[in-house]
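The structure under discussion is supplied below as C-alpha cells; questions concerning it will follow.
The letters A, B, C, D, E, F, G and H name the chains in turn, as written, and every chain counts its residues from 1.
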Amino acid sequence: MEPTRNRSIGGRASEELSPLDKRIIEQLQQDGRRPFTQIAAELGVSEATVRARTNRLVERRILQIVGVTDPLRIGFHQMAMIGVHCDGDRLVRAAEQIAELPEVSYAVITAGQYDILVETVCGDNEALLSFLVEKLRHIEGVRDTEAFVYLRIVKQAYQWGTR
Amino acid sequence: MEPTRNRSIGGRASEELSPLDKRIIEQLQQDGRRPFTQIAAELGVSEATVRARTNRLVERRILQIVGVTDPLRIGFHQMAMIGVHCDGDRLVRAAEQIAELPEVSYAVITAGQYDILVETVCGDNEALLSFLVEKLRHIEGVRDTEAFVYLRIVKQAYQWGTR
Amino acid sequence: MEPTRNRSIGGRASEELSPLDKRIIEQLQQDGRRPFTQIAAELGVSEATVRARTNRLVERRILQIVGVTDPLRIGFHQMAMIGVHCDGDRLVRAAEQIAELPEVSYAVITAGQYDILVETVCGDNEALLSFLVEKLRHIEGVRDTEAFVYLRIVKQAYQWGTR
Amino acid sequence: MEPTRNRSIGGRASEELSPLDKRIIEQLQQDGRRPFTQIAAELGVSEATVRARTNRLVERRILQIVGVTDPLRIGFHQMAMIGVHCDGDRLVRAAEQIAELPEVSYAVITAGQYDILVETVCGDNEALLSFLVEKLRHIEGVRDTEAFVYLRIVKQAYQWGTR
Amino acid sequence: MEPTRNRSIGGRASEELSPLDKRIIEQLQQDGRRPFTQIAAELGVSEATVRARTNRLVERRILQIVGVTDPLRIGFHQMAMIGVHCDGDRLVRAAEQIAELPEVSYAVITAGQYDILVETVCGDNEALLSFLVEKLRHIEGVRDTEAFVYLRIVKQAYQWGTR
Amino acid sequence: MEPTRNRSIGGRASEELSPLDKRIIEQLQQDGRRPFTQIAAELGVSEATVRARTNRLVERRILQIVGVTDPLRIGFHQMAMIGVHCDGDRLVRAAEQIAELPEVSYAVITAGQYDILVETVCGDNEALLSFLVEKLRHIEGVRDTEAFVYLRIVKQAYQWGTR
Amino acid sequence: MEPTRNRSIGGRASEELSPLDKRIIEQLQQDGRRPFTQIAAELGVSEATVRARTNRLVERRILQIVGVTDPLRIGFHQMAMIGVHCDGDRLVRAAEQIAELPEVSYAVITAGQYDILVETVCGDNEALLSFLVEKLRHIEGVRDTEAFVYLRIVKQAYQWGTR
Amino acid sequence: MEPTRNRSIGGRASEELSPLDKRIIEQLQQDGRRPFTQIAAELGVSEATVRARTNRLVERRILQIVGVTDPLRIGFHQMAMIGVHCDGDRLVRAAEQIAELPEVSYAVITAGQYDILVETVCGDNEALLSFLVEKLRHIEGVRDTEAFVYLRIVKQAYQWGTR
C-alpha cells in the first residue's frame, strides 16, 4: 500500500462517510483483526457488506489496517520529530516530496512555528545524518530543519472513534 | 487494549525479539489482516506458531494491529501536536499522566526544545481549549504548552520493517 | 454596551443563527447605518422583523454596531499587540480578567506560542508602561508578556460575510 | 467600502480632527446606529452638521460604521493571527498587498519580533492552508509565517474614546 | 552626580523645556566644553542666563555634561548588553535596583522580548560572571538573563538635537 | 565632531593610554566642564598639559565631551534598541553603514543572538517606520531586524573610571 | 585524577605561568607522550626540570595529559550538548554539582542564551533520559534543559598554543 | 597530528575495536603518560603489543594523546561555543571546512536547533570578531551564527571508559 496522499488543495469532495462506514472503522480501531463475521453480527449487516465497505475504505486511503510497533523497541535507535521551515510557496509540494522518503513515517503541515512536522525512523546517528543532509535538505524549498530526538515513546493509540 | 506503556526507567529487559518475531511483524506492517495461514506459508512455520507469536507480541505491547485513519478526514477538525515544557524532575511522571488522557493519541519524550510532544485529536476549537486548560495544564509539572495546529496530514506509514 | 463575553467553557448552546439573521448581519457588515427599511426591502421581510432580529443579535452579543477608527490616527500613539504566557490552568480566568481592563480592545486565546493575544490602546510610552506593570502583570496567572508595538495599521475590515 | 488605506510614508498631513469630529466619533463608538438627531442634540449642533461631518470622516477613511461579529461564532472555525517576516525593504509594499486579500480582516506593521501581524478569517483547515500557501506566501517579500490559531475571542471593543 | 532617575510612574509633570533650554542643550550636544560666553553670543542672551539655565538642567537631571569613552578601548574587555526577564509586577522596582549597581552604565525598560536592557562594563570574564551571579540575579524579580557580549562599539553619538 | 569610528579590524595599535591620560579621563567622566586649572591642580601638572592631552584624546576619538540627555524626555517619543541579523560576511561593513545614519545614536557588534545592536532616536511611529523601511533595511547585508521599543530610560551613566 | 575545578569566584591568584611552563605545555599539546628528554633538549633545560614543571602543572590542574577518543566511535551512541537554564543566583553552585556527575565530560558557564553548556556521554536513549530526569533535573536551581544530540564529531583539537 | 576527520558519510567500516584496544584506551584515559611497560603488565601482554596497538589507534585517528589545558587560564580570554545554521545541503561540507580553521578546537554536527556547534579559542574581542567575520561567515553555506561566550570552564574530563 502506498501511504502518501497527494490530494490537490481543497479536493476533499466525496469524503463523506456513511454511518455504517463509521461503525466499521470504530470496530477496526479497537482490533484490526476482528473477524468480519463478528463485526457484521454486531452491526446487524452481512459479512459481505462489511468486507466490501472495508475494502472500499482502504482503496480510498481513508483506512489502513496495520501492525504498529514502537520503533525504538525493535532496533531503530534514532527516531526524531523534525520541524521543517520551507520557502514561501513551496510548502505543499515540499511536503509531498518529503512524504515519499522511506525513512518518513509521518508528515503533517501545521499552522504554527514549523511549516511541516516530519517523523523519521532511523537506525543510528549516521543514518539520521544521512537522511537530513542527503535527502531532506535536498528537497527544493526546505530551508531549515530542527530535530527533536526521541528518548521514549510513551503512547501510541488509534482508538479515537469517529464523528 | 490499553495502549499506554508505563515502563519504569531502564526496564527494557527481555525485549529481545527472535528473527521469527521480526518476520511476522514485517508481514503485519504490510497488511494487518493478512491471514495467519498465508504468513505461515511464507515463513515456513505452522499457523499455530504464527498465531501464538502474534498474540504474545500483542500481549507484551510490542505490537498493535489496528485500523488507522486520518482524523482530519473523519470529523476531527482540530488536531494539534503540542510541545510541552515540564518542571525539573516531573518529566516521566507527567508524560505518563498525559498518556492517560483520552484525547491524546501520541506522546513522546524528546531531547530537544520541548520535553514532551503530545498529539491530540479534538473535534473543534472549544474542545481543544478545554483539553488544554482543563486537562493538560492541570497535570502537575506541566509548565508551558505550545500547540502546532494541523492543517493537513500528508503521510502516515507503518512499514519500517525491523532491525 | 459591555463587550466582554464571559462564557463558560463549552457553553455555546443555542448560538445557531437563522438564515435571515445571517442576511441581516451581512447587510450591516457592509454599512452599519443602512436603514432597516432598506434592509427589509432587500431581504423581503418587514422593517419590524429586521429591527427585532437586529436588537436580539445585539442583546445576545453576537453583533455590535460601532464606529471603528484607527487609534493611531486619532491620538493614541502607543498601540501594541501583547503576547501573554500564563501559568498552568489560569488561562481562561486570566483572559477574562484581561478583557475587563479598559485599555484592552481585543483579547484572544490562541493555540500557538502565546496563550493570549491582547491588543492595547495607549496614549504614550508611560501609559503603556503603567498598563503593563500596574495592570496586566498584576493579574494572577500572567507570567510573561511581550509587546509588539504598532507602527501602522494597514487594514481593518469587517466584511467577512457569514457561513 | 474599500477598507485598505494606501498612505505613502509620512503622508499624514491634514488628519487633524476638530473637537467636534472627536465628539461625534465618541458617540458612534458607543452605538453606531445612534440617530444623528440625538447626537446633534447632545452636542448642540444641527443634524445636518453631524451628518456632513460623519460622511466626511467615512470618506477620509478615518471612520467605519460597521456591524462587528465574532467570526468563530458565525461559522468561521479557523481564525488565526499570523506573524509575518518580510525581506529587507519590501515591508510596506508587502503589507499593502496582504491588506488586499479578502481573507484578511486586520493587518498591522509592528516594531517587534514580527514585521507584520495579519488576522485571517477562514472556514476550516483547508481554507487556511490554501490562504497561506496560495496567497500569503506568494506575495513578494514574504519570507516566513507563523500562525497563532484562535481558540476563543474573549473581547472585541471599540470604545476607546479620542485624544 | 547621581545618574539614576527614580521617577514615580507618570510623574513627568513640569518637564517642559523652554525654547532657550533646547537651544542650549543643542550647543552642548555639539561640544560639552563650549564656553558659556560663546553659547550666549550665538543665542543672543547673557552668559549668566546660559550658566543658570545649564545648571538648572543638570540639577533637574535632564542634562549631563560628561567625558564619554569607549570602555573596550580603555581596558574594560568584557562589556555586554543584558536582556532581563522579570517576574510579573516587579518590573519597575527591579529596574531601579539594577540602576543602582555600579557596573551598570545603561538601563532601559522596553516593550519587546526583554523587559529590561542593561548595559554592563566589566574588566574580564570573571568580573562579568560575578556581576551576573552575585548581583544582577540576586535582585528580587529578576528571573532570566541573556548577555550579548560586545565585540566592537561602532558608534556612540549624542547629537540628536531636540524636539 | 564625527562620532563614527571606522577602524579596520585589528587596527588598535598605539591606543595605549598613559597613566596621566587615564587620570584626566576620570576627572572629565565626573564632570565634563571641570576647569582644566582645577584638573591640573588635582593631578599636579600644568594646565597646558591637561589641555593638550585632552585635545589629543578628543582628536584620537578616544574621548568625547558632550551634553547627554534622555531623548524620551526632550520630545523623541519612539526610541528603540534594534537587534539586527546580517548576511554572512557583510557584518562589519553593514555596521559601519548603519553608524552613518543620523537616527542612530549607538551601534555595537555583539557575539550573541543579534549581530548588531542599534539604538535609534525617532520622534514618532511613522519616523521609526521610515527609518526601518527606507534606511536600515536598505543597507546591503541587513536581513532581519527586531525592535525593542523603549518605555523608560532608567539609567545613563558614564563614570566607569579606567583600567 | 579529579577533573572538576571548584574555584571560588575571583580566586585566580597565582595562576601566572612562566615562559618555560608555556613552552612545555606547547610541546605536550603536540604529543602528550613526547619524552621529557626530547622536550628538555628542545628547550635547553634539564630533564629533571621538565619533569618537575610538568608534574607541578598537573597538580595545579592547569594541565591534563590524557588519551582522547571520539565517544561516538567507541560505543557511546547518544552524546549531547545540553543547554541549561538556572534559577536566579544558583548558577555557580549548580554548575559545580553538574560537574560532579560522571556522565558529564564538559561543563561551561556562558554569557549567552543558556546559563550552562553541558556535554554528556551516554550509551543510548534510555541512559540519556535517565541522566536528564534522575540526575541533571534533580540538581537544585536547574529549571530547563535543551539537548543538542550529536550526529558526528568533526573535530577535537588541543593544539592552541599559549599566550 | 591533523585532528580533522574527513570521513565520507556511512564510512565507518573497520572501526571495530578489539577488547585489548579498549583496555589500552582506558589506561591512557586515566593517564596519557602511563608507561607502556606498566600498561603491558596490567593487561598481561607484551610492551611491544601495547606500543603497536597504541600507535595503530593514533594512526587511525581513534585516539589522541595530548596535554589538555583550560584556555581561559592560559591567556585566551575570549572562548565561545558558536551555534551555526547552514544552508540546506551544505551541512557536512561546511562542517569540514570549519574544522580546518585553526581557531576551532571542537566541531560537532547536531540534530537540534543548531546544525553545527563550534568551539573557538581566541585571545580577545577583536580576534573573535575577526574569526567570525573573516573566516567562519566566509565559508559557503554558513548562514547564521550565535556565540555563547564562555565565562568559566567548570569541567573537562576524558575518563568515559569504553563500551
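We adopt the following convention: a residue touches a chain if its C-beta (ideal position, glycine included) is under 8 Å from a C-beta of that chain, and two chains touch if they have at least 3 such contacts.
In this text the structure is predicted, and so the values were computed from the model without any measurement.
Taking shared numbers over all numbers used, the chain B to chain D interface scores over half, which places it in the same class. Computed centre separation for the pair chain D/chain F is 40 angstrom, with centres defined by C-alpha atoms. Our note on geometry: chain B versus chain E, Cα centroid distance of 57 Å, whole angstroms. If each chain is reduced to the centroid of its CA atoms, chain E and chain F end up 12 Å from each other.
Across the assembly, chain F contributes residues 12, 80, 109, 111-113, 126, 128-129, 132, 146-152 that each touch 2 or more other chains.
Chain pairs that touch one another are A-B, A-C, A-D, A-G, A-H, B-C, B-D, B-G, B-H, C-D, C-E, C-F, D-E, D-F, E-F, E-G, E-H, F-G, F-H, G-H.
Considering their complex, residues 80, 126, 128-130, 132-134, 137-138, 142-144, 146-149 of chain D touch chain A. Taken in their complex, chain F has these residues touching chain E: 1, 3-5, 12, 15, 17, 22, 25, 27-33, 62-71, 73-76, 80-81, 95-96, 98-99, 104-114, 116-117, 121, 123, 146-160, 162-163. Across the complex, chain F is touched by residues 72, 77, 124-126, 128-129, 132, 147, 149-152 of chain C. Within the complex, the chain E residues that touch chain D are 111-113. The touching residues of chain G, counted against chain E in their complex, run 9-10, 12, 85, 88-89, 91-92, 109, 111-113.
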